[in-house]
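Naming follows writing order (A, B and C), and every chain is counted from residue 1.
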């Protein structure tokens, strides 16, 4: 063998060993994925027995990670139900209790911080969100001359996020909630770019939830803990609303600014509001998204 | 291109060998560098404190008489005739500016219900014939645990909204077939004597993913 | 059949072997590129473990340099096929061989594009969800699904065309027109489509007024057809200087005219955009304000865009003057165009679309060190691929690597080193 070939061989060997060593950090991948997760089928293709297996897997994972055995259900939409959210902007005082109640109910990451609801402090007289202040730190709310507008996923009737998802990981259900299959999402963040309301959140790293803060009452499409690299967003507390309860943000609101219910039921409070109140604002209506969120002023 | 003579050719050949050797050495040192450097990457994340428990508290701002009864609390504060005389309705005194003088026994009350001192008379709501009850303007007696009927006698539209579930705090079930809605009563939020909701502290604002440690709150409206 | 496979495998093995043979400049270049690649790979491994928090992206600016580079490179890939038009449509036979260099550049660029998209994914292990039939592909609604199909199709098209032409040359066989001419014409149309589809990724988002404009598609194509041929001009000169392959100046000048016209169109479209954003003064121009003048105290992109515009204008002026017929000035103009358009496509298009957010917040984006390493690694990998492609294709096109000299031992392969070529009698 000539010297040149020998040296080429050495260099190649060096290259291969450097290649192997460069992948050293992958040792920490840990429970990034396993065969079962990797091969898991799309939500809409799961048979009931498949779903039982999946739920058992999820419950096991949560127990291993947080020490609590949760109760995960796959709740289906109720018949004759279409959810609508009405928010009274005269009442909202901007206390942000809804934000934190949501975080607690839906097992959102505390560090890095993920919050589905963003409250904007708006000056009187304008609905231009660019004039809004996200970081108001008022000691005393509400401040005169401003109103407060909490914004979360509007569960649009014509959702741009559903249109753009390349793998159909997000879709709108019969009762109006736009859901995400966290085990199908590939994390391309196209939906985050598409949403006109900045409602979607991405797990940039492994979410951190203190063990004692876990809400064990979970649902597959709702508040089960998400993994690194997938999208999440407000889902109208699907684990509560699909069993007839109010979402956590509504219950936390101390002034009763939030109203939620079934628009197909003429006796619900949202039907009453949409009948009786006068001016409704659907944010960015011109986008054609037809949101299910109706903001209104009482006076 | 000029032809190289044999010795130059040999030199350029040697250069290639040197470079190959150098590359081999760099690859091996890269291997060692990767092996040493594979300790966990710690993203400089701020230690985000958990939100103060007070912002997670969902209990009503005020307790009404009905709540106290349900909780079997001490109701002696509501026994008016422990101090007052059953035969005589208490006298309301006014100062020179027509403002009510709150007696020192009821010093915790602040009177500011309505603009222009509209409700300057306690007996607009309290029943002077029976201090343990309330009254509406047409004389109908209202019990202490039925506040909405009293408030609604003036605040009609609000009462209608409240009954429909559109005004005030609710909790429980939107689907009445599966459970009950729990409507908070007027006095759970509004102090009947000073019904304006006072300002309070807001929970802290959002944090950003790549916050610099010395992040200052954005000035003006951003 | 077996004979055919054996021949093909031999061909591939010889090509692979020649990739490891060269003079000291080749080793230095490939060594440096490999080191950068490995550093990038290591950075990506860290990103896989810890998530995209190792980058500078956030919920506010959720696409960064990865997608910016992807967008730029799709343009390069599309434009690399530009060489094809003069040859096949105008019958300019002199540029015939150069088509292969252009298409190989397209292959390298597409490989880089696919790499950039993969490193941008939050869950790359779930890539199989995108495969139609096995996974769930949201076709035709999602423009990303279109992008996946057209990019991979384009890659296969170009690999087929180059592979077929090179293999025929290797075997000293005449090409069968039907095996590649239809594909060439398909590739021309497909090239326009890959870049239009990528543009539509952005245009289709109603919630982002900076992108939701009809000028984005044409601007993409104009800038692609400026930067792409500019890169080919540089690449052809590199081939000229480092191999004995003869490239006529005419080829470079043909490409120059493409760059010249495209750059003028690109600058015109920029003027159109600027007018539209700032004359009417609606709230929709907030992103443009952020980009060109800064917004609410955030000025991060302002120096970048003005540098890009300056470079583009200077390049346009140089290209319009006859002095750019001189190669040195042409090179300057090309380099300025490439940098200017890279900035425009990346920092000038992707990032401002996110700032301000749809809710009006302004959060700056700065790529992290890890992110930059991954980008450099992928770029180095692309250069590596293209160098290897050239290292294989130039000898084949020159006839030095062909079926005729099969079976020679390694020491004979030595003769393919640059130093010995100089002493050979090959033209």
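Note that a residue touches a chain if its C-beta (ideal position, glycine included) is under 8 Å from a C-beta of that chain, and two chains touch if they have at least 3 such contacts.
Please read these numbers as outputs of a predicted model, since none were measured by experiment.
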Q: Could you say which chain's mean Cα position falls nearest to the mean Cα position of the entire protein shown?
A: A
Q) Counting only C-alpha atoms to place each centre, which chain is farthest from subunit B? A) C
(Q) Nearest whole angstrom, what separates the Cα centre of subunit B from the Cα centre of subunit C? (A) 53
Q | Interchain centroid distance [CA atoms averaged], subunit A/subunit B, Å | A | 21
Q.
Need the CA-centroid distance for the pair subunit A / subunit C, whole Å please.
A. 36
Q: At least two other chains touched by the same residue of subunit C: list those residues.
A: 27, 31, 34-35, 38-39, 42, 46, 49-50, 53, 58-60, 360-361
Q: List, in ascending order, every residue of subunit B touching at least 2 other chains.
A: 13, 16, 20, 23, 26-27, 30, 34, 40-41, 43, 45, 209, 222
Q | Overlap residues in subunit A, where contacts from two or more other chains coincide | A | 4, 8, 11, 15, 18, 22, 24-25, 28, 112, 118, 131-132, 134, 204-205
Q | Touching residues (chain side subunit B, partner subunit C) in the complex | A | 1-4, 9, 12-13, 15-16, 18-20, 22-23, 26-27, 30, 34, 37, 40-41, 43, 45, 208-210, 219, 222
**Q.** subunit A-facing residues of subunit C, complex
**A.** 20-21, 27, 31, 34-35, 38-39, 41-42, 45-46, 48-53, 57-60, 62-63, 117, 120-127, 129-130, 135-138, 141-145, 148, 201, 204-208, 283, 286, 353-354, 356-361, 410-411, 414
(Q) Per the contact definition, I'd like the list of subunit C residues that touch subunit B in the complex. (A) 22-24, 27-28, 31, 34-35, 38-39, 42, 46, 49-50, 53-54, 56, 58-60, 244, 296-297, 360-363, 370, 417, 419-420, 422-423
Q) Where on subunit B is subunit A touching in the complex? A) 13, 16-17, 20-21, 23-28, 30-35, 38, 40-41, 43, 45-48, 50-51, 55-56, 58, 61, 161, 164-175, 177-179, 184, 189, 197, 199-207, 209, 217-218, 221-222
(Q) Give the list of subunit A residues in touch with subunit B in this complex. (A) 3-4, 7-8, 10-11, 13-15, 17-18, 20-22, 24-25, 27-28, 78, 81, 86, 93-97, 99-101, 103-104, 110-113, 115, 118, 123, 131-143, 204-205, 210, 213, 241, 243-246, 250-256, 259-262, 268-269, 272-273, 276
